[in-house]
Amino acid sequence: MRIGVLTSGGDCPGLNAVIRSVVHRAVVDHGDEVIGFHDGWKGLLECDYRKLDLDAVGGILARGGTILGSSRVQPAHLRDGVERARGHVAELGLDAIIPIGGEGTLKAAHLLSEAGLPIVGVPKTIDNDIASTDVTFGFDTAVGVATEALDRLKTTAESHQRVLIVEVMGRHTGWIALHSGMAAGAHAIVVPERPFDMDELTELVGRRFSAGKRFAIVVVAEGAKPRAGSMEFDEGGKDVYGHERFAGVARQLSTELEERLGKEARPVILGHVQRGGTPTAYDRVLATRFGWHAVEAAHRDEFGMLTALRGTDIVMVPLGEAVETLKTVPAERYAEAECVL
Amino acid sequence: MRIGVLTSGGDCPGLNAVIRSVVHRAVVDHGDEVIGFHDGWKGLLECDYRKLDLDAVGGILARGGTILGSSRVQPAHLRDGVERARGHVAELGLDAIIPIGGEGTLKAAHLLSEAGLPIVGVPKTIDNDIASTDVTFGFDTAVGVATEALDRLKTTAESHQRVLIVEVMGRHTGWIALHSGMAAGAHAIVVPERPFDMDELTELVGRRFSAGKRFAIVVVAEGAKPRAGSMEFDEGGKDVYGHERFAGVARQLSTELEERLGKEARPVILGHVQRGGTPTAYDRVLATRFGWHAVEAAHRDEFGMLTALRGTDIVMVPLGEAVETLKTVPAERYAEAECVL
Amino acid sequence: MRIGVLTSGGDCPGLNAVIRSVVHRAVVDHGDEVIGFHDGWKGLLECDYRKLDLDAVGGILARGGTILGSSRVQPAHLRDGVERARGHVAELGLDAIIPIGGEGTLKAAHLLSEAGLPIVGVPKTIDNDIASTDVTFGFDTAVGVATEALDRLKTTAESHQRVLIVEVMGRHTGWIALHSGMAAGAHAIVVPERPFDMDELTELVGRRFSAGKRFAIVVVAEGAKPRAGSMEFDEGGKDVYGHERFAGVARQLSTELEERLGKEARPVILGHVQRGGTPTAYDRVLATRFGWHAVEAAHRDEFGMLTALRGTDIVMVPLGEAVETLKTVPAERYAEAECVL
Amino acid sequence: MRIGVLTSGGDCPGLNAVIRSVVHRAVVDHGDEVIGFHDGWKGLLECDYRKLDLDAVGGILARGGTILGSSRVQPAHLRDGVERARGHVAELGLDAIIPIGGEGTLKAAHLLSEAGLPIVGVPKTIDNDIASTDVTFGFDTAVGVATEALDRLKTTAESHQRVLIVEVMGRHTGWIALHSGMAAGAHAIVVPERPFDMDELTELVGRRFSAGKRFAIVVVAEGAKPRAGSMEFDEGGKDVYGHERFAGVARQLSTELEERLGKEARPVILGHVQRGGTPTAYDRVLATRFGWHAVEAAHRDEFGMLTALRGTDIVMVPLGEAVETLKTVPAERYAEAECVL
């Protein structure tokens, strides 16, 4: 068999572990050939690739990033490129393509699969918001990094007698905020799924100070927003330099809380550090299993499918199903975190 | 409601997170009272306890060990003590008892439950061998510690051109060996579920050297044994000082491999470091959820049950079911690790 | 002997280790009594303190923050309070006061010492800018945290093909930037001691891309500024919400580099995470030695002095000397980092 | 200039950082050529080497081990090989050789230097026992690994109510034991420099239990021995399998303490994990500075010298001086650790 693999979208710890696993399983156990496309779908469209043998994937299991490079997918661009992709697949004699990526990548994968290309997808997102799998690799590492930061920030908040508003990743879903907030014992967790009421949040944090505590930690997902009318909120959030990326909920929340509570409040934005570097053991195992099972699915001619974790099993799920809805934090899970906003 | 909590058996990262969660949920949300028995079942039998309020569990979420102390359960001792336990429960006006522990503890919990005491168990073992739950807290931390050690040992094995035989915990099951071995890219993984054939193991490791590699890492669970007749093996494994604990499979395997391969081999025994210290974010979240749901079960009068993880949900499972069989590494999972012994 | 100890100024990993060491040495070895003032100099001025025995310092060696609390010193306030402080020292029968703090604290300590109070100072700053000691505790932890973040950011920068501008602490000196930048292999390091020329920096980073590299990491100390005229620079740096703390060199540099290079550039501001949490082993040893030697100095009546590391020895240095100048990064050390700006 | 570099002796975190630094400084800043000999002195004697350019040292700064391989030096073998080495140096047109290694390597380097070869040594040992430098790289990492293990073991010792005897590296000197023991708050530290009296050690640990504590941690350097006559001690220390490496002071001490105290005692042997893996930021900076200054020394024709840290400066020290004596733990440093044995 001849298999092409590619990584697409944002950085995510475990990408290299999937690549390595695909190569190990395919080359060693099945005697397949594997090639890796450079920079995501771009590599497929431009027929830019290299051969991946055992040496090529030596020592990458624990390394962050992706040895194949990545790029953000432009769906329109890809739609126009279906025939080009088909041509390259034929030309290279590929029997299977394994794209590893997030929501955008999987939509693209579904498109190509519908067009008849032999695709087995592997889901990837630190945000953990893909509905068809219990967990995605990268999430555990992101939560671990955020939790370690929160552990450190706690002693500082305490000694400075401050409220720290810590912004973690999560544009559409609050999984990282929920898990890191629970793991670090945050005093409030704010997620996009549930617009926060500024009065309630103020009261919640204020109650801590009334009870004699000297600090508070609020974890907020970058995509969280206040309930309409509960505070003035700059949605566009551009800063004085015109960069959209610098404004954000943590900063606005911090200003508002400081004014309302009369306590020093400071925002901390964890940023990219959550998505890079060595994956945790958990993510390496999950990524390795995904790679292994993607190769098996290809050998069983199960195309148009996605690897997914269900309980302790890896199962195959139709690509179309996987991209339908985002997996959001359900009310029960939010309730467990004991923060009533 | 009045709830008693206790921790029993070996150390396990996450115990304090459960205790804290029980207190938070019960005291803050339900207005319950919580007491903690000292040193496991001993505390219940001797009516040795203290009150647990919010202050008592402040700052313990990320701390290893257990603030309540622990002791190994003596089933016979406990059987004789059922009436004494019942008396103390009545005397203290307890509506629920939440024991947190491993197989032995849960068997004891089942016994007391059968005798009519209001028990909600929380499973605990770094070994991950309790059948009724997908995962137990403590396991992720143990795997993380072992993986980090393996990551470090790899560079040393390479620079010394050696075979390192790394013994990890797991008397009856190979979960820690399997996951840490997969996560670190071990070249062979040896588990108790599958007696190893010394000839095959030698050949597997030898093949690496034939292929020009200069080192190898073998991960072996402490309870692993050779296939009968495949090598001489000292099961009793006492050392010259008469300590049973020092012998072990890694040392014997190391001697044997060195002789057979003509390569330097060294055993490394990771030991207790796997079961102590700060839990990972994963374990803190799981432990916190178990504590939360144990309190909820008590409030629903669901006694004789055990908290369990199934997929992403916490469910309640009958205690009797939970202690029937050990969860061993199935053949499919072992196959994924790509080590054919 | 009766000793009072206090911690003042910003959070710094190792504060608790000093407190513990003072108590261990004084109480166990000398049979002294130790009290701890709450919230820095405020505690001394308001006679707010508690007794510190062995139990009080149990388990704090590895914990970040300070069990005594801290506050920023107001020199004017303290100057007015000299007589009050003297009164409390007499009233409490104190033979020695050990303030642990940074530049401001040490200036205050010098003032009180000049006024005749029996002071032995312990220097504390994550910035490492106190001239009389080779190193201050807290610095190694801050560098470690920044380096780990840089290690993680590298893979992300690479996979996103970006320039990342990482802002680390250091208002007046570039020690954290220099050491973390060297440790992580940053491609440019920008320090306050050496205003950067924007043309040179652009060329330096640009050369990397010309040479075929796909990303670059620039580490910049928060206090760094461009050479006059080399770029427009908003020194005040207030943001749209009027907060001085959010603007900063990294953001401005990022915007400028992106425009000049035509490559995506992103700022990452590590922030408070650098000054909190568990100290490294290095910082715990240094902090413990400082505490030990401060007690010894008190017992030798060596007041008006400061503990300092010189080579591998702890020596005592006059407080007046210690606060004269800031220790800046010398040209030779900057040259070693191989970044010609 | 043409420079040869080699790494010799046991694994040590920071070796790759030195190699990288030599290449960066020599190739980029001086326009030199650098070659790396394989497997230590063996590579020089057998003229087995490869060219080292910037690409060859890409991404190795934070990686443990050595990309050049290593081997233990056989001094006699090297003595016979002086002429062969001289021949290869001439043949390859080398202007300088930079061996990176421990005591044995530096003795060999001194020998070759005396024979007229242009040598600049770089000291390397996790044991920190080279007298001419304040610190050697690798030591900080080893202490960090040991401290993290001790942190974890503490909670386990406490929950199991045990004495743990933790054996760390240090055959001739107790630096790792001293620093990790201080950093983790061990209750006794046993070093080779000071044979321990078993009665005193028993009393010291026993006093803790008398004072109501439930556990104790003893850190012991692998080379520590009891005072003559204070207990039976098997110096040879072979185990039942005839391996010298498995016996050891921790195990014997554990047996003895358990008997004398009547408390459960267990040995934990940290082993190779202390010498592998990612170096700390401290070690990466020190290693980088050593490499930089070694190249500078070569360009100044300062041969027969060794890089050394004195305070915050890197200085050059005659090789002959460096190998005269071992740097042992002085009484004052031991006294600071507050363990009176």
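When the chains are written out, they are named A, B, C and D in that same order, and each has its own residue count from 1.
The rule is short, and it goes like this: contacts are C-beta pairs under 8 Å (C-beta built on N, C-alpha and C of every residue); 3 or more make two chains touch, one makes a residue touch a chain.
Because the structure is predicted, anything quoted here is derived from the model rather than measured.
Novice: Averaging each chain's C-alpha atoms to get its centre, pick out the one most distant from subunit A.
Specialist: Following the centroid criterion, the farthest chain would be D.
Novice: In whole angstrom, how far does the Cα centroid of subunit B sit from the Cα centroid of subunit C?
Specialist: A distance of 41 Å separates the two centres.
Novice: Between subunit C and subunit D, what distance separates the C-alpha centroids? Give it in angstrom.
Specialist: Roughly 29 Å, centre to centre.
Novice: Can you compute the centre-to-centre distance for subunit A and subunit C, using the mean CA position of each chain? Integer Å is fine.
Specialist: Whole-Å distance between the two chain centres: 34.
Novice: Enumerate the residues of subunit C that touch no fewer than two other chains.
Specialist: 151
Novice: Classify the chain contact graph as line, ring, star, complete or other.
Specialist: If you draw each chain as a dot and join those that touch, you get a single closed ring.
Novice: Quick one: which chain pairs are touching?
Specialist: According to the stated criterion, the contacting chain pairs are A-B, A-C, B-D, C-D.
Novice: Quick check on the complex: what are the subunit B residues that touch subunit D?
Specialist: Touch residues, subunit B against subunit D: 10-11, 15, 63-66, 69-71, 145, 148-149, 151-161, 164, 214, 234, 239-243, 245-247, 251-252, 254-255, 266-273, 275-278.
Novice: Please name which positions on subunit B make contact with subunit A in the complex.
Specialist: The contact residues of subunit B facing subunit A are 20, 24-25, 28-29, 61-62, 134-135, 140, 143-144, 146-147, 151, 179-180, 182-185, 280-282, 284-285, 288-289, 292, 310-312, 336, 338.
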